[in-house]
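Below: a set of structures, written as structure tokens.
One chain, chain A, links the two complexes that follow: it is found with chain B in the first and with chain C in the second.
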Partner chain A sequence: MKIFSPKLNHFDFAPIIMLIPAAIILLCVILYPILNAIGMSFQFYVISRWKERRFVGLENYIKILSDDAFHVAIVNSLRWVFITVPSQFLVGLILALLLNRKFKGRGFIRSICMIPWVTSGVVIALMWSWIYNSNFGVLNDILKRIGLISTNIAFLANHDTALNSQIVVMIWQGIPFFTVMLLASMQSIPLDLYEAANVAGANALQKFRYITLPFLMPTIFITSLLRFIWVANNVDIIYQMTQGGPGYSSLTLSVYAYMKAQKSMDFGYASALAVYGTLFMSILMVVYIRLLNKKEQNR
Partner chain B sequence: MTTNQFFNNSKYWAKKILFIYFPASLILGFILIPYLWTLLTSVKPTEEMFTKEVIYLPSVITLKNYQKLIFETSFPSSIFNSFKVALTTSLVSIFSAMLAAYVFARYEFKGNRLFLGGILLLYMFPSVLYLMPLYSMFNKLNILGNVYALVIAYTTTTLPYGIWLLTGYIREIPFEMEEAARIDGANTWQTFFQIVLPLIRPGLVAAGSFIFITAWNEYLYAVMFTTSKSTTLTVMLSSLVREYTVSWDLLTSGGILAVVPVATLFFFMQKQLISGMAAGSVKG
Partner chain C sequence: MKKLFALIIVAFLVLTVFVGCTSTGTTTKTAATTKAKEDVTLDFWYWEDSEGQEKNIYTDKWVAYAKSKGINVNFNGMASISVMHEKLIPALAAKVGPDVLGTTPAWIPELVSLDALKDMTNDMKKWESFANNDVGKGILELCRANQKGYYCMPWNVVVLYLYCRVDLFEAAGVAYPETMDQFYQACKDLTRDTNNDGKIDQYGFAMRGAAGGHTSWASLVFNADANASYLTADGKPGFNTQAVIDANQKFIDLYKNGYCPPSSITDGMQGIQQNFTTGVAAMFPHHIGSYNTIIKTVGEANVKVIAMPVGASGNRFITSDPATISINAASKHLEEAVTFMEFLVSPDIVVERAKSLGRYPWQESLLKDAYWHSNQALDVSTSLVGQSVAPPVIASASDWTNNLFPQTLQRALQGMITSKEMIQILADGLK
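After this line comes the complex of A and B, so read on.
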């Protein structure tokens, strides 16, 4: 990076002024709220009983540890993240490989595929709820017609299917993101590498394993990291489809924290939950980055 | 054509169909069917929506559901609110992000890198952590229910994103022109507005559209910070679920109308959007 430090006779205030708008916003609406929320997690702070607001130390944190919903939410969050992200990646990769070939209408198909990426979580949730609908849903109808089921399944109202049905939605939502990123990085692979491989008589699988994959590794690393965070933090789809129910069967940690804040307006408890969620994610991130670094070194 | 050639040719096509067209159409179908089904439902007469056996193709195509949505619900005003919020959010974020990004890209100072890394870290905090303090803050400032409170809430995510993206963008452009301008006596402001700004215009448009789409689609803050007067599109749509439990006629048409503007924006912007996203994340 080049450094801009012309020898000026006077002190240049311009860069400082340029930083002011962003700095004000960052301080007021990002840094202050985060510190404030951490502060709230040590308080009894329920909006409907705001007069009783007081410092209670670690009470919220201790209470959470013996909260049944919290235990279920952790397990659900793990399933939510570890089934969703690898599946999204896999389907996204296959689609990117397919779209990386030349065929008629490729450009159009490519842009069509990306629509889920720019569709609101609320709209996604309502489209899929209509498909999953237990009385008039098209999925039940198809499954009945091909003879897989004889009576309708209430996909979103059943303990065993609620979370998995929503995992499918989440996978669907994230495919375009991986496809876009992987396609972009595939196009930066020098073509003469493939030509050389053809001359050496490599088959498609070998070309993928020894040329494409190593080139994609940095992109795979960063995109899956971003996606892990994004999926773990996602609230709107589950909130809209089942609100974590029936019971706690599709409750994830983020949804639980959001519901505590938005429905019960228990800001103290909700912020403690969110702090746990952030810690939980930081641990996963550190493990993930460590594992990848180790792999790099072994290579 | 000899038999051998024909055999090879058909083998080639069989392979192409089996390994390219078949899996591609399977995935494409998976991606597109929800939209097609929503669109089909939205143009169906209501009585054909709720039948024991699903009617796949409507007997007549009707725009009644759209009519009802536009003339009998608060859909038009909520779409207008969403537009206002999304546009203001992108303008505010892009304006403050571009100035900050220029400083991050071109000046070396203590904490420059640390700060950029920290911005990425912000991405990790769940939005509920911002939600509650912002709620208390807006409550104190007495702006709860004001659509512009949402703009403030959205900048929590869009500003860091904008700074990050535009810093990468500015670093990509060659430095020589700015240097020449400096030698000719231009000050920092002139250099930025006359040299750098025209060069990063595509980046600004891309980041701006992405922020617009994000704000347009947002729900979690919107439901907390708006009142019935200031509802945005997503809040209005989700309220249909609760008020009229099976109002699928309005929901499907509303869903389609909510997707169309952002999908159109995306179609025009996709080249810049994708290259910007990819550049940002690979080099991040």
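After this line comes the complex of A and C, so read on.
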């Protein structure tokens, strides 16, 4: 329906008016909380000291810059995102390629591949906490039996291994998302292209590089972007497993903001942390999108 | 015409969105008011330390008691004290939440600053145990929590002591420690390779590095200085002394020297209890609330309960974990809430609850009963309860115990900060 309709010769408000209820709901559910949080970031606002609530300008933002936990959280967040998402993508792509072939039981395998994705974050965290348990965990038991280690490793209690152990959990959880999206995209690739490639004598790698990958690029772009955002904002895995510990060794920006709000009840400081996190992610996303656009233009 | 019809429908939808957002409260209020005249239902929040047993103690007795008074109670047990605190603060800040709530004196300044609690000074005066001088002045001062009036009634207390595995001590030929030097030596001697495969599989002490570990830490560190306390009489941190710093270094060295399981740095209550019951650790700190579970798992003959060791000061520092009952100032049924609270703190119910769940009553007359010496855990607790010290009672206490303390201890155990820096950070957090 055209808004400007030459036949009727007047501005057609109907589509805009139809969208008003949805817009109102979006404003209330998304825009208002965001503006409220930004407003809180300029205040001293500790719930248990609400009578002392007052405007403090940039005080929270300045305090954060000298906060050791914040510095560690930034570095951890970068590791968390830039190891997790590419790993999820690579394993997801390999699985998608395998599941794109015809074999017996493919439907069943496709279904069980979804299990990590459909399981709730809390259950995953509890399950993997037991797998990593330094006294009775199955991982220590397997590693000892195959001779890779001689003494148990306290995966979640060691500052060198705590974050990496949780990265493995996050990778495991997110693989099915990439698998499903890439598989769906693969199935829309015209088969005659592969037939033509066979006739031209292309090998598997060449078919993947010149046919499969270009067709998958839009899907890869959008799924990676979504996963970067979701992984960066993820709180439940780390919060349930280590709460950012030991010390700050597995603390990410999202977990830090959550703990400041929920446990310390310091909503002003937590909101400022969240604003920093949003700015940080926005910059990364803009750079990512621009790099990809550049690549597209060069092709 | 069609456009006009579409516009009317859209306007109607927009209107219903706004009406829907505003009408709910009124409807609920009306229903509640009507309901209040016929029947009153109270919400009672508490933290569940005893595997869901809490509400079973009251239910039959309460139903019989309340029937005549037309009061029903929803018993809402939270998973732990820290979970309860997380849910309670936002609820009370929003002027909703339970009618009656389990509290601890450390929360009172915070909750009073939210204007969330009913002043119970007059109710306290009507309480028979108060009128009969059956509750120690120290306990009443604790309940006053540095406020002008009373915002909670004492409910029960538990006192920290040390569990020891009899079989592990006997196998290592180690005596139960009376002093801190003996304790450190015992930790070292009990850390052994029990199956001769060249690897340590048993440790001396199950340290609690996660939230909640501040009580056992204080018990093993503050005893180095006779004047050490969480806070002095004028409200300043009372543990930033060289003696405490040195004792804290020895505490940190327990982990660094490998006398604690590697998981200790992030172990909570479940972790340390598991380490003890499975024989991974020979000692672990807790209180009478876990006694029944421990002896059921390990066998009473294999458990020895001892008091926290005497420090270099010549004294023990015994920490306690008091629980109190408060009433939400925003409750719509204050009278009924007071009635229910009086039931909870009545001597019969306090005793029944204490016996069933492993707690201690506050009332001195109740402690004279021979029951409170009838097993080793009760005997040790009874002997220590009079000298026990509760955690600090200031507005930032919850943040200090749940966040600052575990993070700071973990950083010290990893060598990221020194003992002196750790004590300074913790002291600054209590200012």
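Assume the second predicted complex is superposed on the first by the 275 of 299 C-alpha atoms of A that agree within 3 Å, B and C clash if a C-alpha of one lies under 4 Å from a C-alpha of the other, contacts with A are read in each partner's own complex, and residues count from 1 in each chain.
Rule of thumb we're sticking to: a contact is a pair of C-beta atoms (placed from the backbone, for glycine too) under 8 Å apart; a residue touches a chain by one contact, two chains touch by 3 or more.
In this text the structure is predicted, and so the values were computed from the model without any measurement.
Trainee: Regarding the shared-chain residue A:111, is it in contact with chain B (first), chain C (second), both, or neither?
Mentor: In the superposition, A:111 touches chain B alone.
Trainee: Between chain B (first) and chain C (second), which does A:51 come into contact with in this model arrangement: first, second, both, or neither?
Mentor: In the superposition, A:51 touches chain C alone.
Trainee: Touching A:170 in the superposition: chain B (first), chain C (second), both, neither?
Mentor: neither
Trainee: Let me test your reading of the model: by the given contact rule, A:14 touches which partner, first (chain B), second (chain C), both or neither?
Mentor: both
Trainee: First (chain B), second (chain C), both or neither: which does A:262 touch?
Mentor: both
Trainee: Does the superposition put A:96 against chain B (first), chain C (second), both, or neither?
Mentor: neither
Trainee: So in the superposed three-chain picture, is A:151 touching just chain B, just chain C, both, or none of them (first/second/both/neither)?
Mentor: second
Trainee: Quick check for you: in the superposed arrangement, does A:25 touch first (chain B), second (chain C), both or neither?
Mentor: A:25 contacts both chain B and chain C.
Trainee: Comparing chain B against chain C, which has contacts with more of the residues in chain A?
Mentor: So, of the two partners, B touches more residues of chain A.
Trainee: Have a look at where A:245 lands relative to chain B and chain C in the superposition and call it first, second, both or neither.
Mentor: In the superposition, A:245 contacts chain C only.
Trainee: Report, in rising order, the residues of chain A that make contact with chain B in one complex and with chain C in the other.
Mentor: Overlap of chain B and chain C footprints on chain A: residues 14, 18, 21, 25, 133, 135-136, 262.
Trainee: Which positions of chain A touch chain B when the two form their complex?
Mentor: Contact set of chain A toward chain B: 1-6, 12, 14-15, 18-19, 21-23, 25-26, 29-30, 32-34, 36-37, 40, 91, 94-95, 98-99, 101, 103, 109, 111-124, 126-131, 133, 135-138, 141, 172, 175-176, 180-181, 184-185, 218-219, 222-223, 226, 229, 233, 235-236, 239-240, 254, 257-258, 261-262, 267, 270-271, 274-275, 277-278, 281-282, 285.
Trainee: Hey, which residues of chain B end up touching chain A in the complex?
Mentor: Spelled out, the residues of chain B in touch with chain A are 20, 23-24, 27-28, 30-32, 34-35, 37-38, 41, 49-51, 53-54, 95-97, 99-100, 102-103, 105-108, 122-137, 152-153, 155-156, 159-160, 163, 171, 175, 178, 182, 187-189, 192, 213, 216-220, 223-224, 233-234, 237-238, 241, 248, 251-252, 255, 258-259, 262-263, 265-267, 270, 274-275, 277-278, 281-282, 284.
Trainee: Going by the contact rule set out above, which residues of chain A touch chain C in the complex?
Mentor: Touching chain C: residues 14, 17-18, 20-21, 24-25, 47-51, 69, 133-136, 150-154, 156-159, 242-249, 259, 262-265 of chain A.
Trainee: Taking the complex as given, what residues does chain C use to touch chain A?
Mentor: Contact set of chain C toward chain A: 3, 6-7, 10, 13-14, 17, 82, 86, 89-90, 93, 110-111, 113-114, 199-200, 209-210, 261-267, 274-275, 278, 280, 395, 398-399, 402-403, 406-407, 410-411, 413-414, 416.
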